[in-house]
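Each of the two complexes below includes chain A, the first together with chain B, the second together with chain C.
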Partner chain A sequence: MEHDCSLASGGTGCISERQNSIITTGKNKSRIHCADDSLAGAVSQRACVFCGARVVLNPITDAIHLVHGPIGCATYTWDIRGSLSSDSEMYRHSFSTDLKEKDVVFGGEPKLAACIDEVISKYHPPAVFVYSTCVVGMIGDDIIAVCKDASERHGIDIIPVESSGFLSGNKIVGYRAAAEALMKLIRPKPGEVIEKTRKLNFLGEYNLGGEKWLIERYLNEIGIEVNVAFTGDSTVAALKRAPGSCLNIVQCTGSMHWVATNLEKEYGIPYLDVNFFGAENTADSLRRIAAFYGDPEIIRRAESLIEREMNRITPIIARYRKKLTGKRTAIYVGGAFKAVALIRQMKDLGMEVVVTGTQTGKQEEYDTISGLLSEGAIVVDDANPAEIERFLLDLKVDVMAGGVKERVLAYKLGIGFVDHNHERKECLAGFDGAVTFAREVYITTCSPVWKHLKASIGGEEL
Partner chain B sequence: MTNKPANSTLRVKEVNENQCHMCMPLGGVIAFKGIEGAMVLVHGSQGCSTYMRLANVEHFHEPVDIASSSLNEKQTILGGEKNLNKALDNVLRVYQPTMLGILTTCLAETMGEDMDRMIRAYLQEHPNLGVEIISVATPSYRGTHSEGFWATTRAIIAHYARVCESHNRINVIIPNISPADIREIKRIMGLFGVEYTLIPDFSMTLDRPYGGRYQKIPTGGTSPADVSRMPGAPVTIQFGLTCPDALSPGLYLEQQFGVRLINLPIPIGVDNVDQFIAALSHICGKPVPEQLTLERGWLLDGMADAHKYNAEGRPAIYGEPEMVYALTGVCIENGAEPVVIASGSPHSKLKDLVRPMVSDLAEQPFLIEEADFASIEHAAVSAGATIGVGHSGGKFLTERHGIPVTRVGYPIHDRIGGQRIFSAGYAGTLAFLDRFTNTLLEQKYGSYREKKKDEMALNRVM
Partner chain C sequence: MLECMPEGEVVHTVGKINPTKTCQPIGAMYAALGIHRCLPHSHGSQGCCAYHRMHLTRHFRDPVLASTSSFTEGASVFGGAANLKTAIKNVFEIYKPDIIAVHTTCLSETIGDDLPTIIKQSEVPEGKVVIHANTPSYQGSHITGFSNMVKAMVTYLAERDEEALRRKRVNIIPGFVNPSDMREIKRITASLGVDMTMFPDTTNVLDSPLTAKYDMYPEGGATVEQIRDSGNSRLTLALGAWSSNAAGAALMEKCGVPCVPLKVPIGLKATDDLIMTMREKFDAVVPEDLTLERGQVVDTLIDTHFHYQGKKVAIFGDPDIVIPLTEFVLTMGMIPKYVITGTPGKAFEEEVGAMIEAAGIEDYIVKAEGDLFELHLWIKEESVDLLLGTTYGKYIARAEDIPLVRVGFPILDRAVHPLMPITGYRGCLRLIEMISNALLERRDRDCLDEDYELVL
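Here is the complex of A and B:
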């Protein structure tokens, strides 16, 4: 196998145009080019605008999610997230207008209208989200008009999500489309009054593996109630009550900052950035939320919860740290928020982070990341498999954290892997999540299988 | 059990709810990956290709690289040539394939991209490229992944095939079956000592033994030199009874070059395997090898052992037309009379082929073409199906209706080992049958005691 990509200063990409998307911490001060669209011909790990919108809105449990386009766009996103629901399972269905040749030629609006009527008469949902895809954008279907008509016809919210994939390869644009759809949904109708409460909204929480439920348990224990999460285990009715909260806590900045800013502008709700990945982060977030409420009882309860949980998990995590200290890790995830959280958690486990990459990071975020890493660590935007392989081997990585596509790559190289994607089934948030995470890193990094794999190819020499 | 109208069709609706099929270029990707030295580029927006990678990665547990021309909004107006050229530059430089397959997405086809002209122009500008470029039109509004697979296989053959001297290497054309099944078909031909060109052979490219490295282009696959000599073969065996004539690779070879076509079902099930073995024995004028006679004997023995259990099975069979046809045969010959036979594909010959097979059954099954899972579930429940047979899309049969599913076909994303599901040949059929019977038994014994108590002692008829 020819392997001509060397790891010279600054990290030379295999495709020279990608040089600016890879930097080495401490070496070059050049800015990473992350807002660029994916390079044509590169095997990007990125998805599309539609995908971004779909993953944000999908966890709204009782809404119907109707994908307007040819079949594939819907097939690929059917039940795509590990978000759990306490009630309706409607969101786990995948509805497609399944455009055919004649629709593409003569326009898909009639079919869209018919599909909306059909799903409403069959399921009577409280709201329908209609996603546009590339072909729909191309043929110029006016989904806004079709949705408006249908909305009047049926008397429910039918919300267009303008997510034609070709708008950008960058999921962030899709997060924004979803955010706009959410704002549309929650805006009170004229004359409608939303009662103000002392509850908070939890933005950027998708209830993967029940994470929302766990954090809600903590908050309830310290005397705070969650109004609604955006969008894990949410319902249309609950989301409509969002303007009645006194605080927004924002977890995944990539998708939810814009919403938070707008909720502040429109309804005067302040927001706080939080992060429940990792024990320290969780403790810190709880403290800041308690401080916002300023109630001494809440603060006291928060402190006692933190103390109890820390006492419980510290010895367990220490056991894992002992096994993991000095191991080398690479991180390649969707957004910078997740990357930063992972870097902290890996370091907490005594590990060295030698590569960090994201699909959608912004410049400031990459600056933050570089600041967290030690000299010589690589930072990369929108990496392709050839690059990832090179980093994993050259930097002798023991374990990688990433999504599904990176998992098989890591295994091919005989390297451990931690799932950190939106399909995962495990709860990785909060104090319990920190333990689960440590355990997952441990079982894969220190698995006995690697010994056999390495032996079969003659140990170290690759 | 109520009597249903014979061979009823259920799907008379506009919306497709929970898709039973994938999109057309995806099938093309799998076919291209079965050619030696091949890389694939999808001409369209980024998202489609990322989704196709994901679908394949989850099924095959291999890195499956698919490049994209990453079209964006601007090019949908101006045309995608610039992006395509750039994509070609990059993918050829990084992957250095000897063959590049290009598949169009719905978007590219809707834009009316003239692929032939653009590729010709590119090749003229780069005269000494040393790579064959084959482009196939695969808009999903025209076909499913099954049609994409056939169309691509046909296009590959049409690209390479040249009039040549006759030789005695037979042609074998396979549908989308598992790498394990491809290997079994090859082993059987090996036992006969017959020489063959099997296409598309993704048995090694999409199921690689551990080797310590990620290969940008995995070794293995059908060699283009062999494909070019297919017109000189004495005969073509194609496992493609359901394949539409216009897409049939075997028919192409027959019509263009006079190579006699023997169209057979996938060799799963004693009848279907017998047909394959008889054809081979006839072609090479040799008796059936002792080993195969033994394997047939073991299969028959197993069929006897299991026949009463299997008779309790009321299968709902769904998936790609070719696979569904073969599985219908196995179920019927083992006394498990299908109650639902369904495929997402609207174009195949499945219905006509299956009708005579089921006309004698006591109860007429639902035959559904262009099926989605809403229609399959509805039919399965109303017909009292006790087992599903097909890909992972049927998971709701189990989750919502307690009907277990024996997984077979494509895609398998909620279980491990989709790439090595073994069902072909006598040995594979027996393996399939064991999985099928044991699924029934597990279900039966899981609830047997409770059920009997209810029925017999408490007289609560279920």
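Here is the complex of A and C:
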């Protein structure tokens, strides 16, 4: 397969070692290879450990997020998520130790300690997260010790996040580093008792476009209170109350499954996997949460909410489905959780999913994905732009869902695009989100601009 | 509330809060994209490459491709030589560029990878080239990285033939500017009838049209051959000391091409200087069209001067943009109250300070290696009428209710800007329009009904 993929424009993109990372549903007997590291020299869409840790923790609104390293790591992650806050905006400011050559030579620990002291004296935050970066891991700064000292000095939580980029090219390792930092933060101090409540924690919810707020409204309506979300619109104090919940619902499993199992182990809190992307998924998740509580009133209220919302949105979605039926779509996102949700939603809109890929999917997740797709659909792990391009063109895709790097590529190929990345600004969760999603897909797939693509002013058809 | 200014007296002496610079490698990547059929290669962890591509894509809204050595823990312990060799082999086999431009990262620099040796030991196909620049993230800024990569183009590629073969041609090193600005500088040069080589040149690379075909290597960029032949040009114009002088000096040293350092042609005076230099060095005739354009700028300045004269402005961004911008703001009669760059270097403070003093203004602050937290502190102390700089100024703009005119890199929240020049006389008109409109919009928004005027 590596020889038949030359592009008309001269760029090619198939690496023979990668053929096991691409499967065609119904054809391949073998399973996908997805635990491989990206190849040296690949134009990978993947990032690093630091990136993974940063996206998970940054939405904690009132903490100071201090990046220990040269300036770039702080600049590129400054306020790039669409996570909204109902109160503090501290997390939207960028703090860096801005390491210089002499720090790299003589060690960055004194500068880190000084920076921690300075930001604390200025802002009196309830906690500071200190992220290690590549160079810090390399020169061996003991950030654990610096944080521990500073924590004793200032009497607040100063939590090291071990996120040196080179530890792995897979963001999942960074999710884990963040998860460990979270567990450290919420562990009660000796003698401290956290009161048990009937509230739930909402794990893997980042409040993009206010999604946490929307789901919280649904839950409140049926009689359930949210203790805290991990980590959308969360505060340090609220996170510390997490052990007092009676249930964890887990949305983005890639980043939060480990936290859920540990909360179960340490605090005996059971968890439920939920999914609020798409109307059917939302209804299903609400029913399962209500069933967990087992209270007939909660169950009744959930059913009536679902009925009301379904009645409201079904005709709207149907209107979009009419326009979109038969269109072909490709999905390329970070995690498999999102991919699965998107496949369902695209199918709900009458569309055919012809390509699905993720950066960090696991074996069994890819099995689930393959099970959802029709024969001939492509499943790919860690695709490079040239592969994505080939699939989009060969499979005559009309619209793609992905992240920032795929957006411009899709557009250049004359293909619509929906942002389902962690930087999106629209609320795509819940019943309202299902409508917004349908509208977003419609707007980009059926933009009047596409008509002008073929026109030429030079006499020649483009 | 986006305002996070602490109460009471504030001391800020260590680290950066809300930086107005980023790290070297992204500048090197941007420069490398200005070579035709070049694949930039990031020798470090995957995240660096992903971040740089994403950041550039957000600014230019065009695909940015680059490969990475994908360092893992093993590479970090044993050195990245094997990764780079494999990467070079893979990249030439799979992506088939004419040239790979490798830049380092803080990780590979700290490990101490010896790039010249690794490259020598790599399999490079006949007719293909690998160049490299050292771009440690813990020194300088993205501008330093840009400068280092442009210099590497010269040291690796530029050659000089017989003196007799020296061509009546100018090399233009445009600095870290948008493709629209490179296009405008080329248009001006062409209209003067002067033969030119521009490198790096990101026109038709990062401002490419939508054709429903995707070219991994778009049409634009200086070819390896053109950069090689730059050693035979008669003159180099290095636009922007911070991003272009090092390459200009290297070309002088290596190939004996004299170099005239100039500002990036933002504003009336810097544009005049560019044109006059070419007129003088190449006996060029300035065409009517350019004279007309200049006349329109002066006409517009006079037509609108009362809208902005005497207004106080804070300017922040990269030195090669901020310096001529400050000059133009002074031409406009505005008061550059605070001028900062994130890039380190006292020369910035001296040059900008001298300009402002020469205009008879005494009450101002200029700072290199500053950050936006500090700028915000100053503004709290004494406010300004206008902010002129990158997207990152929008927090201050909102907290202090000051209009922000977006200029420089990066602009992440507005489109079209990479297609519209701020250089040359047309760029002057655009700056005047943006600045005066921002102030007038504010006036219309804030004034009482009885002061709300149809004609302004």
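Assume the second predicted complex is superposed on the first by the 441 of 462 C-alpha atoms of A that agree within 3 Å, B and C clash if a C-alpha of one lies under 4 Å from a C-alpha of the other, contacts with A are read in each partner's own complex, and residues count from 1 in each chain.
We adopt the following convention: a contact is a pair of C-beta atoms (placed from the backbone, for glycine too) under 8 Å apart; a residue touches a chain by one contact, two chains touch by 3 or more.
Quick caveat, the model's predicted, so the values are computed rather than measured.
**Q** Once both complexes are superposed via chain A, do chain B and chain C end up clashing or fitting?
**A** clash
**Q** Please work out whether A:L413 is in contact with chain B alone, chain C alone, both, or neither, and reply first, second, both or neither.
**A** Both: A:L413 reaches chain B and chain C.
**Q** Taking the superposition as given, does A:I139 touch the first partner, chain B, the second, chain C, both, or neither?
**A** both
**Q** Per the contact definition in the header, classify A:A40: touching chain B only (first), chain C only (second), both, or neither.
**A** both
**Q** Could you tell me if A:M90 is touching chain B, chain C, both of them or neither one (first, second, both, neither)?
**A** second
**Q** According to the stated criteria, A:I457 is in contact with first (chain B), second (chain C), both, or neither; which is it?
**A** A:I457 sits against chain B, while chain C stays out of touch.
**Q** Applying the document's definition of touch, where does A:T282 land relative to chain B and chain C: first, second, both, or neither?
**A** neither
**Q** Do any residues of chain A touch both chain B and chain C, and if so, which are they?
**A** Residues common to the chain A contacts of chain C and of chain B are 14-15, 37-51, 66, 69-78, 93-101, 103-104, 111, 114-115, 118-119, 134-135, 137-139, 165-169, 385-386, 389, 404-405, 407-409, 411-414, 453, 462, listed in rising order.
**Q** Where on chain C does chain A make contact in their complex?
**A** Answer in residue numbers: 1-4, 6, 10-19, 21-26, 39, 41, 44-55, 57-58, 61-73, 75-76, 82-84, 86-91, 94-96, 105-107, 110-111, 136-139, 141, 208, 210-217, 342, 373, 392, 395.
**Q** Spell out the residues on chain A that touch chain B in their complex, using ranges where they run on.
**A** Counting only chain A, the residues touching chain B are 1-2, 14-15, 17, 37-51, 66, 69-78, 93-101, 103-104, 111, 114-115, 118-119, 134-135, 137-139, 164-169, 384-386, 389, 404-405, 407-409, 411-414, 453-454, 456-457, 462.
**Q** For the complex, which residues does chain A have touching chain C?
**A** Within the complex, chain A contacts chain C at residues 7-15, 37-51, 66, 69-78, 89-90, 92-101, 103-104, 111, 114-115, 118-119, 121-123, 133-135, 137-139, 165-169, 385-386, 389, 404-405, 407-409, 411-414, 453, 462.
**Q** Can you name the residues of chain B that touch chain A in the complex?
**A** Residues in contact with chain A: 13-19, 21-26, 41, 44-48, 50-51, 53-55, 57-58, 61-63, 65-73, 75-76, 83-84, 86-91, 93-94, 96, 105-107, 110-111, 139-142, 144, 208, 210-216, 393.
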